[in-house]
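Letters A, B, C and D name the chains as they come in the text, with residue numbers starting at 1 for each one.
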Amino acid sequence: MTAYILCLILFSLGIYCAVSKRNLIKIIVGVAIAEYAVNLMFVLVGYRIGGVPPIFAAPGEAQGAMVDPLPHALVLTSIVIGLATTALLAAIAMRIYRKYGTYDVNEIRELRG
Amino acid sequence: MIALYILLSMMILGALVAIEVRSLISSVVAVGAVGLGLSLVFLLLKAPDVALTQLVVEIIAVIILIRATIRRQLPGSPVSARPYGVLLGLGFAVLLVLVSLPALQEIPQLGHPYMRVAETYVENGLRDTGATNVVASVILDYRAYDTLGEATVLFTAVMGVMAVLRNRGLKGGEEG
Amino acid sequence: MADRREDGMSLIVKTVTRLTLGLILLYGLYIVLHGHLTPGGGFAGGVIVALSLVHLVLAFGGRSAWKRISHSGASVMEATGALGFLALALLGLTAGFFLSNFLPEGRAFALFSAGSIPLANLAICLKVGGGLFAVFAILTIFTAETASPDGGER
Amino acid sequence: MTHTLMPLMIAVPLGGAFLCALMGKRTRALPDAMGFLVTLLTAAGAVYSVSLVKSADTLVYSMGGWRAPVGIVLSLDGLTALMLVTVNLVAFLVAIYARGYMERYTSKRLFYGLFLLMLAGMNGVVLTGDMFNLFVFLEIASVASYALVAFGTGKQELEAAFKYGVMGTIASLFILLGIILLYARTSTLNMADMAAALAGGGGDVVPLVTGLFLAGFGLKAALVPFHAWLPDAHPSAPAPISAMLSGVLIKSLGVYAMVRVLYNVLGVAEVSETGSPFTPLIVLGILSMMVGVVLALGQWDMKRLLAYHSISQIGYVILAIGIGTPLAVLAGLFHLFNHSIFKSLLFLDSGSLEQATGTRDLRRMAGVGRKLPVTSGSTLIASMSIAGIPPFNGFWSKLLIIVAAVRAGHSWSAFWAVLASILTLASFTKVLRYGFQGGGAGKRLRELAAVPLSMKVALVLFAVICIGGGLLLLPSLRDLFLGPAADALAGGTRQLGFVLTGGAS
């Protein structure tokens, strides 16, 4: 239970940073932290105490009770989706920097004119 | 289990550093640290596939972010955040944790997953797909459609970056 | 000659890069080919392959390393990877349904087993590797254009 | 009953986009041809899917041959067929328009690649029967739309795209968090399986997940408390993309996904004759309706005005579906179809006006009516139909919504609907008076640039649908197109049950 709470705290930290910061790179950092927290929540849900990684042991060795493999497959997908959005947002932020010369949201709004 | 809680609180500390530190480069490096902590937590939770992917994906994310912040005359990010945003953020944090307490009690406790559908993957994964890595058989056979969608997301992002960073948007428009 | 030496990192980094580059690439391909046996797979391996190319560009500097690896080459690699995966999916139609595993499962624990999974891993590796390197290459062009030699903004 | 049309609706646009990216540089004409051909194929496929639904009522396609809870399935019922027709019809006409309009922009290859990927994403969201797959294809369409909003690489476009990107990503994280909690509770990802597992009362998880989904999908549908990104993103995008965003993207990603999840999976809302209203939807609907139209009154930039009207019209749809009687749901879905037609037409008109006169400001656009007959004619038709003037399609759906609200006893929401309609009429008379009759003090405009033929064709086709839209209410057409869609929602949590029973052998 406390692991889920810590995970939700990390998620709200990420959202807080993305919502309240004025610097574009800090906003991207906040979104990345929120993505980390959601991926962590997914794997936490599938964990089994004393579980074994979801790889079949060689025929001879003993095969313990496996951890839930489904969240692992889905988290692989959402990690790369997180990378895709971070890369696109970083590219847009760099282009904004070239146009306005600053990463600060308020200065951008003033320069918009 | 203690190691899990220690790593989680370290990650929260790292996130706080990443949010509140003034200079951008150290903020990006702090996020890198949080990502590394996440990769270790995945190892603790017996998820080697995910830990490996998280590690390498996080390295390239940090490279891209540093590429965005380096070689620029960057004043430290101003300390005073948008007041409206601070209230919104903190209020949201408290609201989310409080509202989700009853729901968290109801989902299975940490360490005792239901695995109703996942049981079929584990039992006849080897027989159906021949792959000994169950996660690989889930990604590329049982739920290969997800992976097709996911590969398309990355493809879209790459085309998006190409579109956003091409040198001239409108024909005859100004360069850069 | 002065410009080449100043471009990229110091000599020590360049010689180390020449040694380690092959190893990183080999490790990435290992991860991809053994995706269905050991942890890892198309994505992790693809990113490692992209990282080895990024490593090369970082060590030898954006401009000089440019002649050998152009970003259009990387995006062609990515598009072929994506089309390969889509072709595998459409080939699945022959064995009944879209995306079905149409090749025989083969012996467990063997390298060439698990039907079309290794082929899909290869297609994804091409796509992810090419795509991420294209992103990095475009970012380098974009910053190289703006940062004039004295480092100030143009 | 299964049919290979369903996966092809996604594979064809994907293949088109990949080919566009690969061969686009060498052969100049490929992007245009690919854009036209692929959207033609998917539009034909969508119309064929309507007849499929009529004959077989529900179809399911299991990916990779794996049955429902184990593998991912695509499900095609009335509501999906309606959304497929809306999305692909508008995409086809916009692709024709974009042929002429996108000459001003560089690299058509990237434009058509991203356009086809957004189309594939929307088709994927509408067709899927799996919760996590809904998230993945929602992400494809969103990432493609972030990049397309910033396609002009101008100052406003980049800033709007960044803001839209951050808010869209946060909304997707909310949706993913909701999916994780549902997976933890029901240990399955298939919608039908999840609905069956939740049938015995969702306990405390369902209210929290409903809140997360309302926030996440609400932001994708630009409902009022989460609408901040729309008035910046839509005006700055190129005209064909604003038409796609306002016309279909916020509907398929926002309204369709929210309604499908609330009615068919979580079962928190249901359709019943006695009218069991789902109050959050009604409140969000009325809020969006009123705030959208009031903010639109003060706008002079034509595209910004249209963006605010999108928010208010989406409020109509959400209000109607929230009321919950079969007639109200039918009216809501009918308005959803109509709105995507006349709003896309309005955005395309603003695009050709901007191209001809070089400005988006109504005050400086005076006296264009006589010189651009096709554009001004279609703007007149579209403005009449959004304001709800008889014989046009907007009138029929707004009338049906108000009648359904009164009959269900929601006289207050009917009052708000009428008031919003009057304000919409007022704001569009301003558009017509300033924009076309030359009422403004606009100076003599230089010789206007001619509007390319391909743009005129698209405008005329849209206008024809605007005029003929009312026919959809005729009994014969209604049972073919709108009826099955309303019944799909009326099916509630049992609606997707066929996925578990039917499917691959």
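By our rule, contacts are C-beta pairs under 8 Å (C-beta built on N, C-alpha and C of every residue); 3 or more make two chains touch, one makes a residue touch a chain.
Note that the structure is predicted; figures quoted are calculated from it, not measured.
Student: Please identify each chain that touches chain B as well as chain D.
Tutor: Where chain B and chain D share a partner, that partner set is A, C.
Student: So which has more C-beta pairs touching, A-C or C-D?
Tutor: The comparison resolves to C-D.
Student: How far is the middle of chain C from the middle of chain D, if each middle is the mean of its Cα atoms, in Å?
Tutor: A distance of 37 Å separates the two centres.
Student: Indicate the whole-number Å distance between the mean C-alpha point of chain A and the mean C-alpha point of chain C.
Tutor: Once rounded, the distance between the two centres reads 22 Å.
Student: Starting from the mean Cα coordinates of chain A and chain D, work out the distance between those two points in Å.
Tutor: Chain A and chain D have C-alpha centres separated by 28 Å.
Student: From the C-alpha centre of chain B to that of chain C, how far is it in Å?
Tutor: Using C-alpha averages as centres, the distance is 21 Å.
Student: Two or more other chains touching the same residue: where does that happen in chain A?
Tutor: Expected reply: 11, 15, 19, 28, 45, 53, 55-56, 70, 74, 76-77, 80-81, 84-85, 87-88, 90-95, 98-99.
Student: Could you pull out the residues of chain C that touch at least 2 other chains?
Tutor: 38-39, 41, 43, 75, 78, 82, 86, 89, 98-99, 101, 108-109, 128, 135, 138-139, 142-143, 146, 153
Student: Pull out every residue in chain B that's touching 2 or more other chains.
Tutor: Residues 48-49, 53, 57, 60, 64, 67-68, 72, 100, 105, 107-108, 113, 115, 117-118, 121, 126, 132-133, 135, 139, 141, 143-150, 152-158, 160-162, 164-165, 176.
Student: Draw the chains as dots and join the ones that touch; what shape do you get: line, ring, star, complete or other?
Tutor: It is complete, because no pair of chains fails to touch.
Student: For chain A, which residues count as touching chain D in their complex?
Tutor: Where chain A meets chain D, its residues are 11, 15, 18-19, 24, 27-28, 31, 34-35, 38, 41-42, 45, 70-71, 74, 77-78, 81, 84-85, 88-89, 92-93, 95-96, 99-100, 108, 112.
Student: Per the contact definition, I'd like the list of chain B residues that touch chain C in the complex.
Tutor: 48-49, 51-53, 56-57, 59-60, 63-64, 67-68, 71-73, 126-133, 135-137, 139-141, 144-145, 147-148, 151-152, 154-155, 157-158, 161-162, 165, 167, 176
Student: Provide the residue numbers of chain A that touch chain B in the complex, in ascending order.
Tutor: 1-17, 19-23, 25-26, 28-30, 32-33, 36, 39-40, 43-49, 51-56, 66-70, 72-77, 79-88, 90-95, 97-99, 103-106
Student: Would you pull the chain B residues touching chain D in the complex into a rising list?
Tutor: 99-100, 102-103, 105-108, 113-118, 120-121, 141-146, 148-150, 152-153, 155-157, 159-164, 166, 168-171, 173
Student: Under the touch definition given earlier, write down the residues of chain D that touch chain C in their complex.
Tutor: Per the stated touch rule, the residues are 4, 7, 11, 14-15, 18-19, 21-22, 25, 61-65, 504.
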